């Protein structure tokens, strides 16, 4: 298939990459740019493992056609660290064991990041409802909620 | 060491998980890597009459195809040793792999799969295990006369026995019976099945696997590839959830065969839809429970029958059913126990292991059964359980002697945590003595 | 490999010209939350993809008699926009209850309508609000009542060369409610959903809308049930009758989400609850 140049801001840096029209953002991140933080769980929009921030808002990278992000800003879990320092959410997830297999974690972190950006002090119900689109089959939901609450409470 | 006991420790390797740097198998992308996709059976049961892959092979970007003929060793694998890697004869379930295409990417694989000329003589399937054991039911395994798995040659009912249930029922004041039906369940880990295989510089076949039991799986893979074990390097350890799904090989055999044939790195991954539809499952189960009990609540006998639907192949069902049978009477002192188990083939996806290996299927039944008995004899369900709970020295159905029993203590803790006030005579009971 | 063309026009005329050129070989792409699963799983194989996210169709305006909502307005915007909350609270509620955050950020109102799922949440609310859609093609434009738009599951009167550009929601008075029952609370398609609107005149019901989702091949206006309420004094009894009648008009199926039997039982309760709760809602005043 004919390839086209796609240019966008990925984790703070402009990237240009050749893509085909049917590739998704997830395909391009994982297979062309080796940004493998976002995971392919279902390719169907259901699981949330592929969630990235597009202009700061969470979207499913598996449902986002790559060419539509031309000129826009994409942040993945790889872009959470600042100057080699873990983001507070990364620290809290790590220290509080907010995962077992970790496959859902990159998606969870991005949604949590967006939640705290909008609502620095969410209630338990607000966390649950905001995170509802991200599945954790290992069942780390309690620890995920607690980690987000701990960050909101300034413990990290 | 002791400073860690009682402490929450950060997950080993967890920094990788929160930074996205942990390499799961699908994260591996190698130069020149090819992709494989399987042609799956569109029918639940049928005979392949024609399989013509030439048009698929002609699609630009297709490197080649794999069929049973490409397998250097044996075309059988699995815990029960009855599963073909690629089946181009008697298809037994919808989604069963028939052949594979290998191409530069998955889009091309899918395009090629559409061009395969496949003719199948469809046959009548059977889905309900209790129908499958009736006379005249469609036969799942060609060349056999019935749908029952043989535990040992000629033995289709596995019997576990302690004491004499008939005598136990005769001693009972009441006898209660219950029937339970459990449906099929999928493990649904977020990470689908995937494998990457390639030849390394030392002429070894390297396979990156999501296997939960690599040493078993190596033993299944070796005869397929017909390579000495020393030439297979099986790399595992990072898994995106499994829950028993990855106790069976779903992708390594195909990726390995493709790497073997085409001498290139090959990735074979399942889509989530394939995974949910066609991967191994926790099989369906039917249980019948019959319990004899004295007026004072002491159980005198328990007779359990279990029928397990293993789907198209045996896989780990024997393991699950035997383990289920071993504990199905519950953690109770019962002098007379009989457990009769049958495993039945149907034209459903393969049933195998899932969390608890069948134990929880039996446990849910026995505890519901206990509650119903308690209600029927007008006894508090805590009391019924306390009276019968295992004490040290009791015997299980396979004649194991219970040591370090803790059921009573666990129930006391549970009562405390849930705010239930237990009467003194129950609180005085201990697992150390009857 | 198959060639697929990609267009991301910034002008409507350009977009309709592309559609006219490709006839039924092009797929319109808005948020992609319905189209991409099908593309990813090779269920659709368009020759061209027309991305409409750069046409400037994401806006919400307040006219003298209607809200005008651009077709690519996202569900997230509908859920939070003050005009929608003020004049079409049932639509805001349907938006809030559909998908999850990441889906809502992409999913569009035009996509929800064009996809024509019997479960489409926004459509259920829009039908209760008497909405209409504006369809544009190379050869002209037409306005169609949403009630006349759907033909069956994923079937509409939309022609292959037409785009939905706007949705008009009349500013009509009334008390509204949208309720949804799913297999779980978050990110789930409706087992049954209901939107109601009651236009009251003292304690008489001047006009009513009762719309069911997932209960028929298309989202369904229960006209006989609405008629039962019209001109009557609203009582609990009448509400029960209307709910029973609404379910009698439906024809749900058994699928992986629920049985038809369950849908009818739950649907009846949901309609009752929606009507009762609507009575307690603040009246929308244009």
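A, B and C label the chains in the order they appear, each numbered from 1.
Keep this in mind: a contact is a pair of C-beta atoms (placed from the backbone, for glycine too) under 8 Å apart; a residue touches a chain by one contact, two chains touch by 3 or more.
Since the structure is predicted, the reported quantities are computational estimates derived from the model, not experimental observations.
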| item | value |
| --- | --- |
| Overall pattern in which the protein chains touch one another (line/ring/star/complete/other) | complete |
| Pair of chains joined by more contacts [C-beta pairs], B-C or A-C | A-C |
| Rounded Å distance between chain A and chain B, as computed from the means of their C-alpha atoms | 33 |
| Where chain A and chain C are represented by their mean Cα positions, the distance between them in whole Å | 29 |
| Between chain B and chain C, centroid-to-centroid distance (C-alpha), Å | 43 |
| For chain B, residues that touch 2 or more chains besides their own | 107, 271, 273 |
| Contacts with two or more other chains, residues of chain A listed in rising order | 1, 22, 43-44, 46 |
| Per-residue overlap in chain C, given as positions that touch at least 2 other chains | 1-2, 41 |
| Chain B-facing residues of chain A, complex | 1, 22, 30-31, 34, 36-44, 46-47, 49, 76-78, 80-81, 86, 90-91, 93-97, 99-106, 109, 135-138 |
| Of all residues in chain B, those that touch chain A in their complex | 8, 10-11, 14-24, 26-27, 29, 107, 188-192, 239-243, 271-273 |
| Residues of chain B defined as touching chain C within the complex | 60-61, 107-108, 110-111, 271, 273 |
| Complex interface listing, chain A residues touching chain C | 1-2, 4, 20-22, 24, 43-46, 48, 51, 54, 57-60, 62-65, 67-68, 70, 111, 114, 128-130, 132-134 |
| Residues of chain C defined as touching chain B within the complex | 1-2, 41-42 |
